[in-house]
Amino acid sequence: MPVTSTLDTSAQKVTGEALQGAVSDLLDLSLVGKQMHWNVTGKNFRSLHLQLDEVVAFARTYADTCAERAVAIGVTPQGRAGDVASGSGLPEAKSGWVSDSEVVTYMISCYDALADRFRQRIEATEEPDPVTQDLFISITAELEKMRWMFQAENAV
Amino acid sequence: MPVTSTLDTSAQKVTGEALQGAVSDLLDLSLVGKQMHWNVTGKNFRSLHLQLDEVVAFARTYADTCAERAVAIGVTPQGRAGDVASGSGLPEAKSGWVSDSEVVTYMISCYDALADRFRQRIEATEEPDPVTQDLFISITAELEKMRWMFQAENAV
Amino acid sequence: MPVTSTLDTSAQKVTGEALQGAVSDLLDLSLVGKQMHWNVTGKNFRSLHLQLDEVVAFARTYADTCAERAVAIGVTPQGRAGDVASGSGLPEAKSGWVSDSEVVTYMISCYDALADRFRQRIEATEEPDPVTQDLFISITAELEKMRWMFQAENAV
Amino acid sequence: MPVTSTLDTSAQKVTGEALQGAVSDLLDLSLVGKQMHWNVTGKNFRSLHLQLDEVVAFARTYADTCAERAVAIGVTPQGRAGDVASGSGLPEAKSGWVSDSEVVTYMISCYDALADRFRQRIEATEEPDPVTQDLFISITAELEKMRWMFQAENAV
Amino acid sequence: MPVTSTLDTSAQKVTGEALQGAVSDLLDLSLVGKQMHWNVTGKNFRSLHLQLDEVVAFARTYADTCAERAVAIGVTPQGRAGDVASGSGLPEAKSGWVSDSEVVTYMISCYDALADRFRQRIEATEEPDPVTQDLFISITAELEKMRWMFQAENAV
Amino acid sequence: MPVTSTLDTSAQKVTGEALQGAVSDLLDLSLVGKQMHWNVTGKNFRSLHLQLDEVVAFARTYADTCAERAVAIGVTPQGRAGDVASGSGLPEAKSGWVSDSEVVTYMISCYDALADRFRQRIEATEEPDPVTQDLFISITAELEKMRWMFQAENAV
Amino acid sequence: MPVTSTLDTSAQKVTGEALQGAVSDLLDLSLVGKQMHWNVTGKNFRSLHLQLDEVVAFARTYADTCAERAVAIGVTPQGRAGDVASGSGLPEAKSGWVSDSEVVTYMISCYDALADRFRQRIEATEEPDPVTQDLFISITAELEKMRWMFQAENAV
Amino acid sequence: MPVTSTLDTSAQKVTGEALQGAVSDLLDLSLVGKQMHWNVTGKNFRSLHLQLDEVVAFARTYADTCAERAVAIGVTPQGRAGDVASGSGLPEAKSGWVSDSEVVTYMISCYDALADRFRQRIEATEEPDPVTQDLFISITAELEKMRWMFQAENAV
Amino acid sequence: MPVTSTLDTSAQKVTGEALQGAVSDLLDLSLVGKQMHWNVTGKNFRSLHLQLDEVVAFARTYADTCAERAVAIGVTPQGRAGDVASGSGLPEAKSGWVSDSEVVTYMISCYDALADRFRQRIEATEEPDPVTQDLFISITAELEKMRWMFQAENAV
Amino acid sequence: MPVTSTLDTSAQKVTGEALQGAVSDLLDLSLVGKQMHWNVTGKNFRSLHLQLDEVVAFARTYADTCAERAVAIGVTPQGRAGDVASGSGLPEAKSGWVSDSEVVTYMISCYDALADRFRQRIEATEEPDPVTQDLFISITAELEKMRWMFQAENAV
Amino acid sequence: MPVTSTLDTSAQKVTGEALQGAVSDLLDLSLVGKQMHWNVTGKNFRSLHLQLDEVVAFARTYADTCAERAVAIGVTPQGRAGDVASGSGLPEAKSGWVSDSEVVTYMISCYDALADRFRQRIEATEEPDPVTQDLFISITAELEKMRWMFQAENAV
Amino acid sequence: MPVTSTLDTSAQKVTGEALQGAVSDLLDLSLVGKQMHWNVTGKNFRSLHLQLDEVVAFARTYADTCAERAVAIGVTPQGRAGDVASGSGLPEAKSGWVSDSEVVTYMISCYDALADRFRQRIEATEEPDPVTQDLFISITAELEKMRWMFQAENAV
């Protein structure tokens, strides 16, 4: 292996899988975020168009951080289109035009899935690698903050 | 349609297809660029790791510009993982670790494909939409500059 | 003439008229953009107030570029209030308070007129001066992008 | 007194009381602005969330300026939570979640109170201290500008 | 009225008219400033070309501030090309090429008119609205500074 | 509830109370920090005046972060003057002028209280919400660093 | 006269004298500020050394503003070493090394003189030129703020 | 060849020669621009000294862009002193001191030559390589803008 | 003791020793990083020369953070040359010229030692001080990322 | 003496006198530079007005550097208005309005005096203090550069 | 030798030894500067804490410059902990807490040693390498400036 | 002569010739640096491509400084293509593609020539003009630093 691990084999395996899942989820979030950014319509077009670019910037940054954490423990991360399509846990995004309220509903469903999956990763990595766990905790804090914002927009 | 077109129907169709193809190609370039950025090994690791991030930044910026040009002429762009997987014209990227020379060879094959496909788009859009053609000309200038750089690195 | 032309007389005449028309349109866009920026009311006040300032910044920048292109080919551009009032092709802006949805409708009618007039200028200058044509192509790309954004806001 | 005054005793008293009132009002504005920033819900969540942070930044800056003006004339300003609670002239803010339209209505009532109180301070300090009056004039200009923006958002 | 006033009706009327006049004057200054910026010729071309862009930047900024002050007191400002043409107090600008010394002479005549009109506005608003008066005082300070600079250039 | 929680009810309750306590403490720190910033006297005036502004900046930033974390887990944070007065655990600040050494002694007593209260919050949230715990750990690191600095200034 | 005045002769005379006095005072403040900046000694060396550079920056900026205001009303300002020596109202600065407490005492005496002289200028220019008066009000606000800071440092 | 071409052989030849000519012209412009920048004398010294540095910055940037475009199509650019001397189409620059009006006259003759040569290159590359043509169009726009400025300075 | 601790005596002892060890290791990393930065030779000179400066910047920043954390818990950190020489756990650096591949091998051996020692510190401080543990977790994440990069460069 | 010298007594005396002379000259240059900046008239007003502010910025920076070099060798520098008036070697500046050509002539006479005096100081300090000599060499380089620029402007 | 010298052997030897001494001294200054930065206590804690970080930044920058100058003349510099411990000429720093006045006294003793040693290096390198001498002159200027500041703080 | 000299005739002659030589060498370095920047090939392409742009930036900056120093002493510098071709002391650069190792070898030969020629200029100007000598010393320091870097890359 070009890069050796500072973790033992089983810790490396659990942590590596959690990181690969995170990479898939976050790359997918960056793609569906852009999809919505382009296709949204309605009175709140501009506000959502801008907000979704912050989503994309967040997703790209942390996909990179998770992938680089994976390499750092000797696990090779996969982030090609096919890997994302098969590995992501996000609900499917609609094609074509999307109204502003549909966008908000869809994004909440994404953040529900992400919060759930990342909280599981926090638990799974607590023993094998507190360094990776700390990264997941930071990501979860940001995910739940964005989730609040879309929920708040959704409230009557 | 939420957004009407300033082009007639047939010009809109040709231009829209060219733009959708460009979006797929460039999103794929951003994904395989990151894949190589993470998995490259060898003496030139650091140099390629940095160079590939410039590739990714370029690809993300122009994927967005092409998609927004599509919406501007009333065509809804698709950029989800599945759309990228099926629509891209890039050669398949290897999974796992890649040596530095393999990266260079692979990137040249990507740029060969991209230069070819964008030159076809320049021709195809000359009549129907000089505005979109001008965007493709700018992208081609950058693509052929990056292609030179990887080729120069490959020369003995 | 203080500034001689690099174009022959007839090319200079056609190009000069196209540029003078562009200067009038864009200065007018900067004035009605501010008019709306100040007088808009309604739930989307803040979003439109900010968006209209981007319209104004764009219009001012390119009015200047077109005027300086005119001088560069030896044609003296006119941009006084009377020149704008008589030369602009924009629909008349309402005086006094304007509701947010009225603003969106009005801006779409402006961008429809502008896209149409600039596409004619692209055609008119193709033969006599490709340098000026290239400027009109860039402006049209921006105009059609802004047009999409107001249309998207207008969609139900 | 550690800091002597450049005003005579009665001018110092009138000016000092006006400044202390301003400090209480503005610190309170900064607190209720954040309260709304956190608890707002509804379609305009994001727009108000951002706008309220500008309110808070303004309030903090000028609370500081007024307090430092008080010290400069030898009057010790009080800005603890109890001082704010007892000295502020703002209407009481609702606890818990607040809908976007409730936020706009509440903020208008705050700005009505502030504009009224600051115009009184402009009058009160004209004779005793034109330097402090000038500060109140600047603050009033900003307050009335923000008041317009919330009113415009409230218009049908 | 979407925006209520913090001034009584007569104060609002006087102040509103002064502000509308200022908006017309300053928008016109921004237009004739650009007209001169483009058409000036002669040895001092470059110096005046740059100086006139500072004039334009100043005029645009304060036209906006005056218009937003008008809205803040419930008066709707008008800034369309026709409003500027009819409301401005500036002397008429020559069309076509202008020599550098003609530009200086013309700009001095503009600043003479502006200084006179703004000093009248300072007086007119002293009673009805010291907040607006303060804005006019700031503008006058800048206008008279620019007026000196063109006069100094004109001195033998 | 406009915002649902990713925590179960009891975890949400414990975490929400800890966050509300933190918001009160930190808003109060921002208010007493400014109170001291204005009223401090003595040879170390300037040094403390500047240092206290860093205290205030820290307190404002993290009060906001804690409040936004509360909303993110579906708990509405309260930060009005009365909430701060009743909820804060800081010792009471003296009114009026304060000598530099009194300021140092007072700030140390604040940081003693804060370090104690935040260490309890770290413990209380370990089980129910590691994401919130991580935030409290970061805040405690900063609080104890500032505590050292005031203690070091206090040493003979 | 190369620059004509927008004031009548007697208003110009009163205002011009006030401005010339201000120029002398402020240039002198910039010189004695540097003198102290270089020669201060004692435990508070570093704090005063930095604080005095802020004094100098302030003095230089406003000496320039006052002088340019003078020219703007057609009065030629004098700022040569001899003009400063004869026109300044500041107490004489000691030559050679100065202890930190001597610096504080000396600076307070400077600010006492300056506050007194500028308050007289505010009164003197109220009638003849409100534009100049507004400038003196701004300067006085800053002077009295700096005066407080040196007084606060002087308090036991 | 280390770098292959995306153009066929004859297109590559025509485009490569045009680019090599542009590199020679622009490097020469950067050299004679500096020559004038150093040796200019007369009342307009400072204005021309600054203006010529903008000429040089432009020339250096686009010489680089043209050379890199050449490499991108597999043509090796030459930019050594001898290459510039033999390949440039600029009129010869005088050695030694040059008066300001001589500089202006000389620069106009340079820009006349450049505008002519670049317009020929625009035509020559239209068929073989629209990407390179687009670059020449951008350069020509800038060249003709600078040409106007020197001509305007030359007008009586 | 000038600075009291928020930890009990035994927690303070364990944590203090871990922090002192970290300070020694990181200061040593900053010194050997510079040693290699100056003495490296070979084809990869430039790439390693730059990469090593990032190592040094990281090491200096976190040595400071660890030392300030030590003082914050009442433990006085030692960072003199002798303390570093005796306390560091890094392998000895070769004196004189070092080839690029020797540098890579040596840096990997440093990072192996550091990763091991910091993982032990993470465990040791979990109970006594989660605040310090969190700092070690952050440092380990960075160390293992840099370790990957040198390992990747070492792979054939 | 509060500050001891690293030079022996006679070296300190020679160097100290040279530095005191430099401080006087440079402070005077900053004062007459501003005097001209305000009072210049004529076609080159704007160019000289800007150029003189660069003179002033240079003079202020190096007056400070020379004075701080004096203190560093234990010599207390004097920079009050009277010190400048008596110690400067610059020719007397005219009071009141000055035409642009008079300004140029006057500034050349200042730079002639300064170049002469600083070249003497370079010689005088070569033996006693090469550190101070090096500072004078840097100042002379800048002075002679500015001298050229005014001379070039003066050439027919 | 990987790097040849532009100096003859004996000049290289003398210069190399002077540079190696400088590297040791300056690295040691950076280490003891941090040691004091962390352990200082007393009323002037904050002021010294900040001032010492400027010392450290200076020492790190010039240690690097001296080391790179050594390599540039073909001499390999040594900067490991042991090299610093054995090669530095600074007085020994006390371990543990240090009062503010002890810090000042200690730093003066460091600067006395440094000024002495660098003045010797200026002399030693005058003949063999004026390029290195010039570097030592610049360093000495800064060292003596900092020495003044600590001495001034020490004066009663 | 438009610019008189502060040196006597013979000093001016010696110094002027040294400066003209330096201008030729440095302009040539900027041209061959770009030539290599464009034509380099091989594994180290990217690293050398970036490094050569730093060479060019350095060469352009100091060519300008030397030329402006020449004018400052009344000597007119020549920097046209022919002047560079005849006056430069650099070895001839190969035309066409260059491998990375050829580039390194060629650049070392350039720096050998430059170091030699500049050290001669340092000697030649010591007597006639220490101001110019100081400039040559600074340039030599940078040249020898860059020479080391290319030599280090060349070492096995």
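When the chains are written out, they are named A, B, C, D, E, F, G, H, I, J, K and L in that same order, and each has its own residue count from 1.
Assume a residue touches a chain if its C-beta (ideal position, glycine included) is under 8 Å from a C-beta of that chain, and two chains touch if they have at least 3 such contacts.
Every value quoted in this text rests on a predicted model; they were computed, and no experiment measured them.
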Degree value of the rotation bringing subunit E onto subunit G, based on Cα positions, nearest 5: 120
Chain centre separation in whole Å, for subunit F relative to subunit B (CA means): 50
Averaged-CA centre spacing for the pair subunit K and subunit D, given as whole angstrom: 53
Multi-chain contact residues (two or more partners), subunit K: 2-3, 41, 43, 47, 68, 71, 97, 134, 152, 155
Complete list of chain pairs which touch one another: A-B, A-C, A-D, A-F, A-I, B-C, B-H, B-I, B-L, C-D, C-E, C-H, D-E, D-F, D-G, E-G, E-H, E-J, F-G, F-I, F-K, G-J, G-K, H-J, H-L, I-K, I-L, J-K, J-L, K-L
Touch list for subunit B against partner subunit I, complex: 40-43, 45-47, 49, 97, 99
Touch list for subunit B against partner subunit H, complex: 115-116, 119, 122, 134, 137-138, 140-141, 144-145, 147-148, 151-152, 154-155
In the complex, subunit I residues that touch subunit K: 1-3, 27-28, 31-32, 34-35, 38-39, 41, 60, 63-64, 67-68, 70-71, 76-85, 88, 93, 95-97
In the complex, subunit D residues that touch subunit C: 43-44, 47, 51, 149, 152-153, 155-156
Partner subunit B, residues of subunit H touching it in the complex: 2-4, 6, 68-69, 71-74, 130-131, 134-135
